[in-house]
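Heads up: the structure comes next, in structure tokens.
A, B, C, D, E and F label the chains in the order they appear, each numbered from 1.
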Amino acid sequence: MTNGEYTLPDVVALLVESGEHGPASHRYMVDAPMPSVETLSEIVEDLRSVLFPGYHGPSKITPETMPYYIGSTLDRLTRKLSDQINRGYCFVCESTDTDRCHNCEERAKCIAKKFITKLPMIRQYLLGDVEAAYDGDPAAKTHGETVFCYPSIRALTNHRIAHELYLLGVDIIPRIIGEMAHSDTGIDIHPGATIGKNFFIDHGTGTVVGETTIIGDNVRIYQGVTLGAKSFPKGDDERLIKGLPRHPIVEDDVTIYSGATILGRVTIGKKAVIGGNVWITRDVPAGAQIVQSRAMQQSFENGGGI
Amino acid sequence: MTNGEYTLPDVVALLVESGEHGPASHRYMVDAPMPSVETLSEIVEDLRSVLFPGYHGPSKITPETMPYYIGSTLDRLTRKLSDQINRGYCFVCESTDTDRCHNCEERAKCIAKKFITKLPMIRQYLLGDVEAAYDGDPAAKTHGETVFCYPSIRALTNHRIAHELYLLGVDIIPRIIGEMAHSDTGIDIHPGATIGKNFFIDHGTGTVVGETTIIGDNVRIYQGVTLGAKSFPKGDDERLIKGLPRHPIVEDDVTIYSGATILGRVTIGKKAVIGGNVWITRDVPAGAQIVQSRAMQQSFENGGGI
Amino acid sequence: MTNGEYTLPDVVALLVESGEHGPASHRYMVDAPMPSVETLSEIVEDLRSVLFPGYHGPSKITPETMPYYIGSTLDRLTRKLSDQINRGYCFVCESTDTDRCHNCEERAKCIAKKFITKLPMIRQYLLGDVEAAYDGDPAAKTHGETVFCYPSIRALTNHRIAHELYLLGVDIIPRIIGEMAHSDTGIDIHPGATIGKNFFIDHGTGTVVGETTIIGDNVRIYQGVTLGAKSFPKGDDERLIKGLPRHPIVEDDVTIYSGATILGRVTIGKKAVIGGNVWITRDVPAGAQIVQSRAMQQSFENGGGI
Amino acid sequence: MTNGEYTLPDVVALLVESGEHGPASHRYMVDAPMPSVETLSEIVEDLRSVLFPGYHGPSKITPETMPYYIGSTLDRLTRKLSDQINRGYCFVCESTDTDRCHNCEERAKCIAKKFITKLPMIRQYLLGDVEAAYDGDPAAKTHGETVFCYPSIRALTNHRIAHELYLLGVDIIPRIIGEMAHSDTGIDIHPGATIGKNFFIDHGTGTVVGETTIIGDNVRIYQGVTLGAKSFPKGDDERLIKGLPRHPIVEDDVTIYSGATILGRVTIGKKAVIGGNVWITRDVPAGAQIVQSRAMQQSFENGGGI
Amino acid sequence: MTNGEYTLPDVVALLVESGEHGPASHRYMVDAPMPSVETLSEIVEDLRSVLFPGYHGPSKITPETMPYYIGSTLDRLTRKLSDQINRGYCFVCESTDTDRCHNCEERAKCIAKKFITKLPMIRQYLLGDVEAAYDGDPAAKTHGETVFCYPSIRALTNHRIAHELYLLGVDIIPRIIGEMAHSDTGIDIHPGATIGKNFFIDHGTGTVVGETTIIGDNVRIYQGVTLGAKSFPKGDDERLIKGLPRHPIVEDDVTIYSGATILGRVTIGKKAVIGGNVWITRDVPAGAQIVQSRAMQQSFENGGGI
Amino acid sequence: MTNGEYTLPDVVALLVESGEHGPASHRYMVDAPMPSVETLSEIVEDLRSVLFPGYHGPSKITPETMPYYIGSTLDRLTRKLSDQINRGYCFVCESTDTDRCHNCEERAKCIAKKFITKLPMIRQYLLGDVEAAYDGDPAAKTHGETVFCYPSIRALTNHRIAHELYLLGVDIIPRIIGEMAHSDTGIDIHPGATIGKNFFIDHGTGTVVGETTIIGDNVRIYQGVTLGAKSFPKGDDERLIKGLPRHPIVEDDVTIYSGATILGRVTIGKKAVIGGNVWITRDVPAGAQIVQSRAMQQSFENGGGI
């Protein structure tokens, strides 16, 4: 085993040895199944077909048949969701007392049912977002186009679902639902973020909205906008303190252009307009219009940087 | 039903009620099937196999067998495309006169055939794009590598297909094809954008090219570049006026570095070089070299922002 | 055939004609199969299940059964990988001497086995990256969450695999593995980049790390950061000189905020902090803190640009 | 092309030439799609989930949710079935008058809806068949076992569906549904056969029930039983006369053991018992018990045959 | 609702009403999932790959890697099998006391593990069956051919698996595994049947072996052979008495030719030969050779039958 | 390990030990892949689409596009078939001299091409079989119905393909293709059987045609007919002598009814008619009509058997 010339059994042994402890190996609740990205993806697609019937799911739907489709879809997805919520509890559980498992299962069923009752409200928010997309983009020819293929609507559907699950105390699952939208659209919204009515993210790739962000009504942002954290206070144990408010508050009617970076618990006041590519770490007053310092014309080879 | 404790039939009823009107529910032409993202994806993969035989589709192809593969693939995809084009018409149709449906079907067949005759031209453009990628990226070892795995070629193949369909008056389908590339590559080019020869987008994530953008020959841009709109004039009905020229004109031989934001109907003159992260809302003369104002060295905690 | 009114045989003939030469058609080693993105994707998923048992692959794994799973997975993927490496050789091969093919096959088998012996080391690096993600993000509730759904870990797993294959002289395959992560996460790391311990990319969409980049230990970067090349020297043949060092060196303990663009073979010194959206093309000294010039408050309609 | 040494183009030409006429090539209604075995299979599975809810389709169904599942399934399958019925019409259509196609489409929709109204009756018959299977097989532990895995119930479900479609004048589709069961179970019942209540086919492989067979109530037959035709009168054109009654009539309460062959328009009278392996081409009176002539014990090498 | 002109809601209501009681609807343990034919099929394929490594499952297996493949496959299938066994218990359970469910789960795990310990014995039997197939069929060119594609080996693999599960008291699952083979091969062996060493069924379509059949060593039977029951005694409740010995005993070294029907608890003595198409309902002494009565040559139109 | 209480490692060890030798484990040519049933199934479906264009494969085919479809399908399937033929050689190869492998690969390519040149002839035979099915079955409404869903045509398509491969000396593959049809249709024809023009097997389940059978023109047989072997001479090594003529010769214009068993190298003379369920082991003269001895009417409980 000198010279890095391991045999297969050697490599297996090395990997098993180092895999038996530490974060490389998942060993929380013995035998608890992991959340399934595939099933969560089916659940979200089922929810899309309930929230936007005709656009997603079966396309030929009439007032007569709509209850059948919505009813059967809700029943099916509630069971699946309940199972995934329970897996989420297991994912973060460090107990080895299997008697408690039954409680988690029951709690998961209960949460899944509560979540279903939020759907009419979620639909209302999403209708506002569709309106905002149509009103905010001259390239949108119909409302239907925004429902069917705008990344903004796709990401916000995932977010508004994930956010309700987050508020209901579901572990890990909301984050996975958020990351699905992130992978599909490049829009990364943490499920903890609070977002008001009629929100629109145009194009969206690279936009980041952090966990404790609060966004008001009628806000429009563009691709590459960061609403992030700046500093990360550590506790006495030299570990980050988790859960502190650390992301911006964006008030009603604000517009933020592409590539702007806004960090920290700062407030962007009502109706402010933030130009592209600026770096902001302080409050911006209501109505302010902020743009980058004028760029310089110069020889490119020698230019830029400090 | 107080206390938010709906039963399943209650939630179904609420969702059906609010889903029967408004943009949540697709109810244009009764029974018209929606465009299928899955089928469009097959069509685009078939087109890739025709445009770059051997790279995509069956890998073992010879001069003797190439006509069989190209012929059968074109025939198959023309039928599929014709059906999708027709679904696109239905998607935006508000008529309930089903007698007109036959016309749309015939029109879709005709358009699909016209599109096929554009393929030799599309191939010529894409060969120029391949050359530009190979010439423009020192990391590209062979032309084949750019064909097989560069996001730029993937996104431009989708775009040049979508653009021809856009010019032929196809509804919604071009946009879906553009969004497929957007999701895969992070490159968001509106099908309406006019793009010249030998175009190269390096890396590409977060790059946005708006609907009325006009790009000349031999242009090279990087990831995170926005060629967008700045203002959105509204008509007398307080709705956005759709279709106005509102995106930049980028002349021949221009280079734009990563993260630059260029907004509005401005012209970036021939051979200009735009540095990264700048914000431009005015014309840039030919040959100009523009970079961001020099960054400041300072205490980070107190720095940045207004 | 006047008036652009080709028939199907005409279009086929035109496409065959132009496809028989030039980079549109893959014609290196006759009959050599192309690398398969689908198989490479299976290989990478198999590697994830070996590197993070329990998180990926079968979820119910015990110390008793772990060797069986790791051993059978390694055996299966080694065979698949060996075949793909050989296809990579064929992809760039211009020889028509089929006698040499057997040598490439043998070489591929040998490389695949060598690669497998690197896995314990790759695992060590990834454990450091997991620790860095958990320590660097206040939103991370558990280590497991970062393993299971952080884009940073997904992209770095692909990168550390691809980088070892790159060092072993494998053609094209490492690049494809890198592009898979790019498409999934928006993080574009060239397999040639050298990355130290405990690396963390938060959010990550739009981040680019170029081929000759060198990154030290404990570095943290954010979404939209570019570590790129600025100029591209051409050789006497007017073609780019490939392979020159042309990307930044980032020393230990550096932090780079979102949207920063750093171009060329510059050095960002130890413990430096680079603020968001800056454009840097010169060295930054150790410990420096760089932020964008203060943005201007002004009338938005007239503001910004040169 | 001497010596049977065709090239690929030669073989293609030969096959095209002979394929352009005669029954090798399907050329009825231009462009009419063929019935889809895959879709018909989905339709039949959907019907199983409606006829035996809980056994087939989603397993967790309650009185509250049953209407949602049955309603949405019926709506979905009616649309699919209507399309397949129309394809069946096209399959046998020799007209080239495409104006008539719309009529066929409408007729197919109408027939599909009529078929749906037969489902409660079909369910009643199948419940009788389940009872007969449970009562007739000592190996059946529960009714559920016969529903879930008895070939008899599977084949009779297909048959009772196919028979109603046959009575409604649907072309080819009933036959395909019958052949699906034939392939799965080895039980070959022509959709034209009339079958009474409480029918049971034990084991069933090789059992054949011809088009004009009439079977009464409470009949039990075994594997390898043939209820077939003996002679085939030809018309003046030297072609078989199609559609004549030519298969047996089996009256109530008859039992037929394995391998019996009964040919022609003979009547097997009420309560008759037919032993295995007999060959019957004449009427059998009510209550008769028929067995094969006693077998001979003899030297095997010299035995048997004429 | 006169005239059989139901609307969709009418049909739904009728089906729900009649589906809420009786055997049409599965309503045993609330919420217990049904056995999954798909998963059982995976389990059986996994078992084939363990019993015949190299033929089924991964083809490239070496003495070094065999333990990894067998170990991981056994672990995976044990978990799946345990779940299916539990579903089998639920399938026949009429209790509504969910506290007992945990017991069934534990019992299922225990049974699945016991079953695994039977595999070496099952392998020994199957090796004998392979030898018998090779020795008994002049068309068999190699042993491998019989392993890879003989219906006899496929059906006996399923049977010997199902029989062990039957002996372990597993409900319904053995029957489903038997019916899978029946559907694939036309060979219908009840899991209860006891079969000795070196058994061979040539061709096999239509062969039936009943629940209480006992077959000795070195027996060879052909297609269409029935080893069935003749009479079905009923109990005082007018229901069949289930479980009585009612099928033949076939002693060592017997051969039974195609289409023979042997019914009832009769004994076919050692080394007897039964010719094709005979009907036997009495004991056959050891060494006897039985053939059908000599067929008659006569005018076909008038011939046969009683 | 007493008491049958093995642990997982024990069972693995036992299975590995007994699996390392004997026919349980496939260990011919090291690393040679097994024939793939899945790929062979694709090949046969491709052949169906070439032999019956419009019925199988893409349904919308015109004289203009037919060459493209047939050409590309033939090219694709020739490559796949060549690979499977080579795997067939490996399956029966006991050599460890890998230098010979290249020869087998070349031979396989050559055979695959020769096979392709047989397709026009195979098509001719199949057209005769279609005609025979239409002429022979009063239930056949159109020729198309027999092409699309008759088991006879499905089984004969597989057989005529398999038979040509058998004549070309291909190992194991023809048998697998025959068994595919056997599993689908219950018709078991050995690839070695020689079958004349216009052959029709009605229903077909349980019909067996042995390896050395010779069937003339215009023969019609029914389900459950056996054309088998009776005795199996053994050589000096006590092993069966393989390859001897041992199955019937059936001359032109013969009809054999269901369930007849004809064993040994006997001749059924021209125009003979064999009734159902008879057992024949001697020659039958031309024109003879053979039926079973008259069955007896008697008390069922006491009847039948010897």
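The definition used in the following text is that a residue touches a chain if its C-beta (ideal position, glycine included) is under 8 Å from a C-beta of that chain, and two chains touch if they have at least 3 such contacts.
Values in this document were obtained by computation on a predicted structure and should not be read as measured data.
Any chain touching chain B that also touches chain D appears here: A, F.
For chain F, the chain with the farthest CA centroid is A. The interface in B-D, A-C or C-F that matches E-F, meaning over half of the contact pairs are the same by residue number, belongs to A-C. Homomeric contact chain B/chain C: same residue numbering on both sides for under half of the interface positions.
One inter-chain figure worth recording: chain D and chain F are separated by 24 Å, centre to centre, where each centre is the mean of the chain's CA atoms. The centroid of the Cα atoms in chain A and the matching centroid in chain D are 53 Å apart.
Contact of a single residue of chain A with at least two other chains is seen at positions 8-9, 12, 60, 65, 67-68, 70-71, 75, 186, 205-206, 224, 259, 275-280, 288, 290-297, 303-306.
The list of touching chain pairs reads A-B, A-C, A-D, A-E, B-C, B-D, B-F, C-E, C-F, D-E, D-F, E-F.
Interface of chain E with chain D (complex): residues 4-6, 8-9, 11-16, 18-20, 22-28, 30-35, 91-92, 171-172, 175-176, 179, 182-183, 186, 188, 190, 192, 205-206, 208, 210-211, 224, 226, 228-229, 232, 239-244, 246, 259-261, 263, 273, 275-280, 288-297, 301, 303-306. Every residue of chain C that touches chain E in the complex is listed here, in rising order: 58, 60, 65, 67-73, 75-76, 79. Chain C meets chain F in the complex at residues 8-9, 12, 64-65, 68.
Residue ranges on chain F touching chain D, taken from their complex, read 50-55, 59-63, 66-67, 70-71, 74-75, 116-117, 119-120, 123-124, 126-127, 130-131, 134-145, 147-151, 184-186, 203, 205-206, 222-224, 231, 257-259, 266, 275-282, 284, 288, 290-300, 303-306.
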